[in-house]
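Two complexes follow with chain A in common, the first pairing it with chain B and the second with chain C.
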Partner chain A sequence: MIPMKLPTKIDYKKELEAASKTMIMIHDPKTLMRLIVRMIVSKVKVKHAGMILYDAQRDTYIVRISRGERGLKIPAGYARLDHKSSLIRVFSRKEYKSLSFRQNALVLDDLNKMIWQESVLNGVNNGIGELLHLAKEEMQMFSAIACVPAYCQDTLLAILLLGEKMDGEHFDQDELDFFSALASDVAMAIKNAQLFTDLKKEAERNRDLFLRTTTVLASTIEAKDRYTRGHTERVTDYALAIARQMAANGSLTFPNNFFENLYLAGLLHDIGKIAVPESILGKPGKLTEEEIKIMREHTLRGVEILKPLAELEESLKGVKYHHERYDGKGYPDGLKGDEIPIMAAIIAAADTLDAMTSDRPYRKSMDKNYAIEEIKRNSGTQFHPVVVQALVELFERGEI
Partner chain B sequence: MIPMKLPTKIDYKKELEAASKTMIMIHDPKTLMRLIVRMIVSKVKVKHAGMILYDAQRDTYIVRISRGERGLKIPAGYARLDHKSSLIRVFSRKEYKSLSFRQNALVLDDLNKMIWQESVLNGVNNGIGELLHLAKEEMQMFSAIACVPAYCQDTLLAILLLGEKMDGEHFDQDELDFFSALASDVAMAIKNAQLFTDLKKEAERNRDLFLRTTTVLASTIEAKDRYTRGHTERVTDYALAIARQMAANGSLTFPNNFFENLYLAGLLHDIGKIAVPESILGKPGKLTEEEIKIMREHTLRGVEILKPLAELEESLKGVKYHHERYDGKGYPDGLKGDEIPIMAAIIAAADTLDAMTSDRPYRKSMDKNYAIEEIKRNSGTQFHPVVVQALVELFERGEI
Partner chain C sequence: MPKLLIVDDEIDVCDFAKHFFTKRNIEVSVASGGREALNIIETQKPDLVLLDIRMEEMTGMEVLRQLRAQNNNVKVIMVTGVEDEGTLKESQSLGVKGYIHKPLVLEELEKIVMGELLEK
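== the complex of A and B ==
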């Protein structure tokens, strides 16, 4: 006698435990769906599997079907289902509390029986009979022979769609148990993923709100001083370009968040001018010594205004020291060479370039060619040589 | 013969599944610990159970022990353990890769055997022998007869501490299996909870950062116009007090977020003055008609400045209309009565109260008593009567 080769029995409990653990750590619903569908196809040996997933944001359901053996695809127009779908309605606990299915799963064979019962008991035109009939058609359209719903507090979160088994057999009790438990884990994982997505979005939204508020804050100085219109934005652009070039040249490795901090410093470098009288800011002639003193206070006044925002600590270096000079003859502290934070040295060059190439109350704008020559000439005295080098390279390539 | 009463067998798999699902939805580590410890005590019938939980933020371990039957407590000084604790070290995969325990659990009986083996094989003064000895002492201090570690990627996230069983028996295989699986679920739940906590904190931090940036934004107008020093803050306080009083009186039900929006509107109501020349803002004498026109533009300029922040839409009503009058003679749109958003009507009264009781370039401050009388006299013409009523009530109770 040839010994029968027994099929290896699958330990569904173990599979479930492993799956559940993987699922819960995946916070992207799409990846989650792909994972679940793949697992069903490979572990239960069905020809294909799919999933209908609730999209809370749009209040619709997304359909995803694995390629499986047959390379089955979602019928055109069925990538999304809404609450009018019969399959969704059949499983809606709010709508049809009375409908109950074996093992919490809707198997095609059972469905045929239920339709027959309904037609016998209540006549063909009965609402439930018709609903079941339409649901059956939808199942067939997806080539599903069983559907397993997943709920979270009576909200239908997902439906597993199961195609025929490879061996053509019916699903046995163990398998349906597995699907039911899996569906429940799926619901949990989806809920978890949705909470994560929501929180993450909230964090990002709030961060974005902060950045936009900073931009508005920066714009206030432009509402006051018409000569700075567009100045902060241009300085920020120049500064970021210079820093990128320096990084590309390998002349410096920047710490974490350097670019974001530089961006904020660029936007806010002149915010202290809010505290400088308009009569000085807009004076067409030469400033007196006293006026120069007040004008120069804008670096420290900027720091003062921004002090409540401890998160800007790094950026404040750019605000405070963007008028220092490489030779130590700048203000407010007369720092020299590498004592000057590189962020401030970058803004200093960017600031000068834009100031020279824009109209000012006391003079007309200069040609950019001339401005770059001037900055080059002052490399190592007013400006940091490495910064100037990056600036010149950008200019020569026409990128500034 | 008296029939033996068989103890009801516990379905650990089922318990585990239920526990895992509850755990994963709890995102507060402390609640999670309480839940797990309680479950162990009630399901496995141990005299007490406890848990040592990794606190990633402080890089230490927190100890929590259930009251259980004996009302056991954590020994003084052991509410937190650090990496020097022998129990922590024994389970550190990074430190002692070679140590392996039956069922991934450290049972007191096994520990005695291991200590004996170490002393026979390597002598008493061997490092591992001593470590095991100290770990045993720590277990005894917590009255634990078994410890089950929980890892996430080789990081020790938790140790379950298990006291004696009620029936005095040893833990059987089923129970140790259960603990091991439970520990693994615990690790997952803890990891999940930590991720949640981190994300939530980030969202809150970013929100807070936005609010503080708004405060800085509001303060810029005070850096420019010395007469408004403290004005925005006081107006905001008055406005919030009036709204609270109105809510208490039941005169209005406010929509969601009304108070936060009012707070922001209060802070930002005069931001448009950034765009008004200092010569007009600080003029000691009477303003010319042209100057009045420019001054009045501050409401619309405020809206313009804040436009990039769509989130402030509701607050902008307060910014734009805080100079409207109940009788329709205000600006910028001459709105009348209930056409004026209630937020703006509240700020209008708060603004006037503070303006009258503060020094201005063109006059000294007035007595608050007199100011309130003036506002009362203009109720129904300049001011919304319901707002005035709330303001008067606050004043009479000495709360404003």
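== the complex of A and C ==
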């Protein structure tokens, strides 16, 4: 006799296989879960199906999704299983695999046989028999005839709940194997998503620590040279404001991470001064030629100090060249015009503005108006014209 | 047959709970809002009301207040999410038979509801 059902069974299995191939693309556990459950209900034609997921925050197992007939499907987030639940206890036991007739699912039909088997092997009042009995009752509460657990490294992460088939047939081993694979996919997606979140958090923490350490490092120079106190912060603020204005003007398109690198360069532009003797840094009178030479080395000293840090590679341009001049008469390399990295040109203007408007050992601070006029006068010679334009705009709007 | 009224503005919850308790030989009616609930309580006089606190149109607390204000002492079990102390205290003073927190354990839901319904 040719079983009439065979062709349709093969058909829907092909469909399932095709569907699961596309599912490999989906990383979001919630989406994956939703698709799987929907697929099971429509293709395998069960009255309802759902998934229970472990919730780490609440340390409990919650029914996250359920599809199927009204009254049978469980509203999302409505029901949970805690660690005392018999199903959870059964699935959490290491010996579970040997308990079940199937390798990968707990099927209601089998449970009676399993309970009987336990009572034969271990006596009527054995704990496991009792546990299986309670698990059976729990499954019936969910109107489930099969439960498929999914683990990740021995931790139970998910359970696929299956209601009875529309045609009342049993699940065959092929189908249970398939469900088991799908449930594992979800467990893996959950684990991966968790790992990804953890990694991101870790990366953010690292970045945060790096920025804070840099700020601490920058403050060492202020401890040494009191005239620098606050200078670094102000220069950085001015530099960022100028850069924002330039971006708003559309005068330049900045590469990725420019602002963060500028921020770091601003914080660290004078770090090289740590190598300059206090006698020179704090000298009230005019510097000798020798002293000027030592002072000017602070740009290169800064680069030496920061070189080991790969994260600062871009920012080093701002540190090394913040004393270059647009007309090529600056130091250390005498770069001219657009040879000067724009980051350095911005810091140069910001640095000068703050130097002029704060007290120094050799002169009192100047009026801001005057300082801006000076900078304007030196546009194209000492300073990059576009940078000056942005600075002037900020000043005129009262933002600097 | 004992009569149970389920009040919840989520239709899936009403469907599920109705199916759940009907299987246990309880006569179940459902209401998706406060006004509907008050109507049914007046006309059908259920033995127990399973009342969700968080509803859009009229909260479970408002339903409870109105019931008690009308001197209706129907047995109520409140279904809560995470409520503040004030709400819980108030409901206690208005008289409820118990609480169940979402997400709930089905076994506990069964126990508490059947317990109240089958109490002579």
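One rule holds for everything that comes next: the second predicted complex is superposed on the first by the 204 of 400 C-alpha atoms of A that agree within 3 Å, B and C clash if a C-alpha of one lies under 4 Å from a C-alpha of the other, contacts with A are read in each partner's own complex, and residues count from 1 in each chain.
The rule we apply is simple: a contact is a pair of C-beta atoms (placed from the backbone, for glycine too) under 8 Å apart; a residue touches a chain by one contact, two chains touch by 3 or more.
Here the structure is a predicted model, which is why all the values come from computation and not from measurement.
Once the two structures are overlaid, the count of chain A residues touched is higher for B than for its counterpart among chain B and chain C. With both structures placed on the common chain, the touch criterion links A:179 to neither chain B nor chain C.
Once chain A of one complex is fitted onto chain A of the other, the partner contacts of A:223 are limited to chain B, with no touch recorded for chain C. Once the two complexes are overlaid on the shared chain, A:192 sits against chain B while remaining clear of chain C.
Contacts of A:395 after superposition on the shared chain: neither chain B nor chain C is touched. By the document's definition of touching, neither partner reaches A:238: not chain B, not chain C.
Chain C makes touch with chain A in their complex at residues 10, 12-13, 15-16, 18-20, 102-107, 110. Residues 13, 17, 20-21, 24-25, 181, 184-185, 188, 191-192, 195-196, 199-200, 202-203, 206-207, 209-210, 212-217, 219-220, 223-224, 271, 274-275, 277-279, 301, 305-306, 308-309, 311 of chain B are the ones touching chain A in the complex.
Of all the residues in chain A, the ones that touch chain C in their complex are 60, 62-63, 70-82, 85, 138, 141-142.
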